[in-house]
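For reference, chains read A, B and C in written order, and residue numbers begin at 1 within each chain.
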Amino acid sequence: MLIMASLVLPAGGSARTLQQVLNEGRIQIGGVLIAPWAIRPEPGELSGFEVDVSKKLAEDLGVAIEFRVYSPERIVAALEAGEIDLIAAGLPISPETAIRVNFSQPYSTMGITMATNRETTVLVTELEDFDDPDYRIAAVAGSEAAELVAQIFPTAELLEFETSQQASTALVDGSADAYLDNEPLPTYLSLDNPAIVDTPLTGPLIQSRSGFAVNKGDPDFLAFLNAWITAREADTWLPTIHSFWFQSLRWRDE
Amino acid sequence: MLIMASLVLPAGGSARTLQQVLNEGRIQIGGVLIAPWAIRPEPGELSGFEVDVSKKLAEDLGVAIEFRVYSPERIVAALEAGEIDLIAAGLPISPETAIRVNFSQPYSTMGITMATNRETTVLVTELEDFDDPDYRIAAVAGSEAAELVAQIFPTAELLEFETSQQASTALVDGSADAYLDNEPLPTYLSLDNPAIVDTPLTGPLIQSRSGFAVNKGDPDFLAFLNAWITAREADTWLPTIHSFWFQSLRWRDE
Amino acid sequence: MLIMASLVLPAGGSARTLQQVLNEGRIQIGGVLIAPWAIRPEPGELSGFEVDVSKKLAEDLGVAIEFRVYSPERIVAALEAGEIDLIAAGLPISPETAIRVNFSQPYSTMGITMATNRETTVLVTELEDFDDPDYRIAAVAGSEAAELVAQIFPTAELLEFETSQQASTALVDGSADAYLDNEPLPTYLSLDNPAIVDTPLTGPLIQSRSGFAVNKGDPDFLAFLNAWITAREADTWLPTIHSFWFQSLRWRDE
C-alpha cells in the first residue's frame, strides 16, 4: 500500500528543501528551451548556458541532476507545485514573480541592444543621431524592442518584421540601418557578419537581471545559492561560461 | 466576543509577514517627514522619494497602501510594535538598528558633501587646498558636518551656524568659501544658485546607505524586497525616481 | 545534578542563534592563526584583521567576545558542533563549505598575485611577456600559485621552492624575475623592498572572496551580518582596517 501510494505521486510531488535535495542525492532543475539558455542539439540531448550552470551546481552539491524543460509560462507554477526544486532558466527577477518564489542574487543580465549596419551608419557618432527620418530601424512587430524604437527614436522610420530572422536579414542586406532586439541576437548577428554588422553600445538599452528561483520558506537554500554565485564569479567560472554562450558562437561547432 | 477582541487591538497590532500583507491586501508603511524623503505639500497630502517608492512597492504587491508618518526616534519602535509592516524612510543601515530589525539591501546612499563658492574658490584644484587659514568653511554648529570640517580641514576657519539655511546663505553671499552639510542640501543649493555655487566632489565625504526595514523572523519578506530592488534598479525605475528627488528641483513645481 | 550535566558539556555545546548571543551577552568567534588574519604577538595576546573585525562586531552587538583559534581544517566542524557562534577567519566562500554553513556577503577578497624584480623586468609591458623561456618565475612547489605559473606562462622557467620565504628571497636577490604567491605576501615583499620589488598587477590573477560563516537555520543572523558589513563599508571602517593589515606593514611596529 505504501509503495503504491508513492507510485501514484508525480516525481518530486512536493517542494523539497536544500536539505532534502542533499539527503536524497538528486536535484530537479527546470529550464526553458530558448537558445542559448537551453538547447536540444539532438533528440534526448541538452546543452546551453543554464544547462552548464545546472550541471556545475549539481556537481558542487554532490547530487544527481534531472533537468526538465518547461514553457516560460509554466515554469514558475512547476516550481510552486514541487515538480522541480529550482529554476535555472534566465528567469527575469521581477516583482510579479518574486511574490510567488524566492530569487537568488542575479548571475546574468539580459537586455535589448542595437546592431547597426557599418556602412550606412558610418557618420553616426551618438545614439541620438538615429532619431532622424533618414534612418530605418528594424524590430519585431509588437515587441518590446519595437516599442523602444518608437520611444527613443520617434522621428526615425520603424521597420516592423514578423520574426527576428527577417529583421536581422534587413540589417545585413542594407534595407535597415539599425536593428533592435533582445540579446544575444544582435551580438550573434555581429559575430556572424563582422564586416557588415557592429554592436556599438557598451551596454543594453533596457535590461533585466536573472537569478535562480526556489520556493519560499527555505532561506538556507537561498544562502547556499548566493554563496555559490559569489564563489563561481570570483573564480571566473561563471563569467567564462557566460561569455562562451553569449559572446561567442563557438558553441555552434560543438 | 472574537469580533470585540479584534476591535480593541490597534490597527496592525502585531507584526505581519509578507504573506499576511498579501492575504489582507493592505500594507502599512512608515516614513519620516523630511524633504525630499517625505513631504506634506498640503494638509492631508504626501509626496516625496519614499512615498513614490512605497506606492510603487504596494502597486507591485497588488495591495492597498497606508503610509504613516513617524519621528526618526519613534519609527523603529513602531515597526517592532507592529504598527507598520515596513519602514521606507531613508533609514540608515546601522549595526545598532540591525540588532532590532532586518534590513534589505541598500537602495539609496546618503552623505555629507561640500558646496563651494565658485568665485572665491576658483584657485582650488584639490580637496586638501581647503586646509588653509584663508578658507572659511560653513557648517551647522555641533553637526557631523562641523566635526568633519574640524577633522579634515583643521587649519581652515570653521564658521558655525545655527541652521542649514544660515550656513548656506553665508556661502551664497560670499562670507563663506565652502559649506558642508548632508545631501541633498548642498546639491539643492547649487541647483538654486548655479552661477554662484558648485558641488565639485564626485561623491560624498562620509556616507551611509539606507534600505527597507522589516521585522525579524520573515526571511521571505527580505528576499522579496531584495528582488524588488534588483528589478527596479535594472529597469531604471529606482535611479530615475531617486534622481528626480535628489538631483533636481522639478518636484518643487508639482 | 543539573550543574554537573552542564559541566560535562563543552563550552558553547550547541549552536546559538543571534538572539541567544544577545540574550547571553557573549559571542564566541573562531579564527585561524595566519598573519595578518590573526596573529599571536605575545603568548596570550591576539591581534590581526579578523581580530579587529571580531572586536568591532562584538562591540556593535554590545556583547563580550571570546576569540578562539582553530586550524583551517577544524574550524568549520567547530562551528557545526556549536563550539563557536561565528567564523571570522578569511574563510573562502566556496560551494563545498556553503553546503555545511551559511555565508554572509563577502567583506574581503583574497588571491594570488605577482611580485616582480624591478631591474630584471624593466622591459616587460604586458603580463603575456612573462611567457618566455628567458623569464624565471618563483613559486612554492605544489602550490596553487605554481600551477598557475605552469598554466599561464607555460614557456617560462618555473622555479619551485619549499617555502614562500625561499621563493621571495629568490626574487629579491635577482635569481628569479617574478614570484607568484597568495596575497598579502607579494604586497608585503614589495613594501619591505620598495627599490627592488614591484607588484605591477592591478588585481589578483585568481581570487576568492571571504565572509562570515554561521550555522544554518538562523536567517536573522545572516541579515544582521549583511547589514553590519554594508554599514561598516559605507562608513569606511572596514576598508580602512583592511588596508592597515593588507596594504601596510605598520602593524609590525605595534
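By definition in this document, a contact is a pair of C-beta atoms (placed from the backbone, for glycine too) under 8 Å apart; a residue touches a chain by one contact, two chains touch by 3 or more.
Source: prediction; values computed, not measured.
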Set of chains adjacent to chain A and to chain B: C
Angular offset of chain A relative to chain C [C-alpha, multiple of 5 degrees]: 120
Same or different residue numbers at the chain B/chain C copy interface, by half rule: different
Chain centre separation (chain B, chain C; CA means) in Å: 35
Sites on chain B at which at least two other chains make contact: 219
In the complex with chain B, residue positions of chain C that touch it: 22, 60-62, 219-220, 223-224, 226-228, 230-232, 234-236
Chain C contact footprint on chain B (complex, rising order): 92-99, 102-103, 105-106, 109, 206-209, 211, 216-217, 219, 222
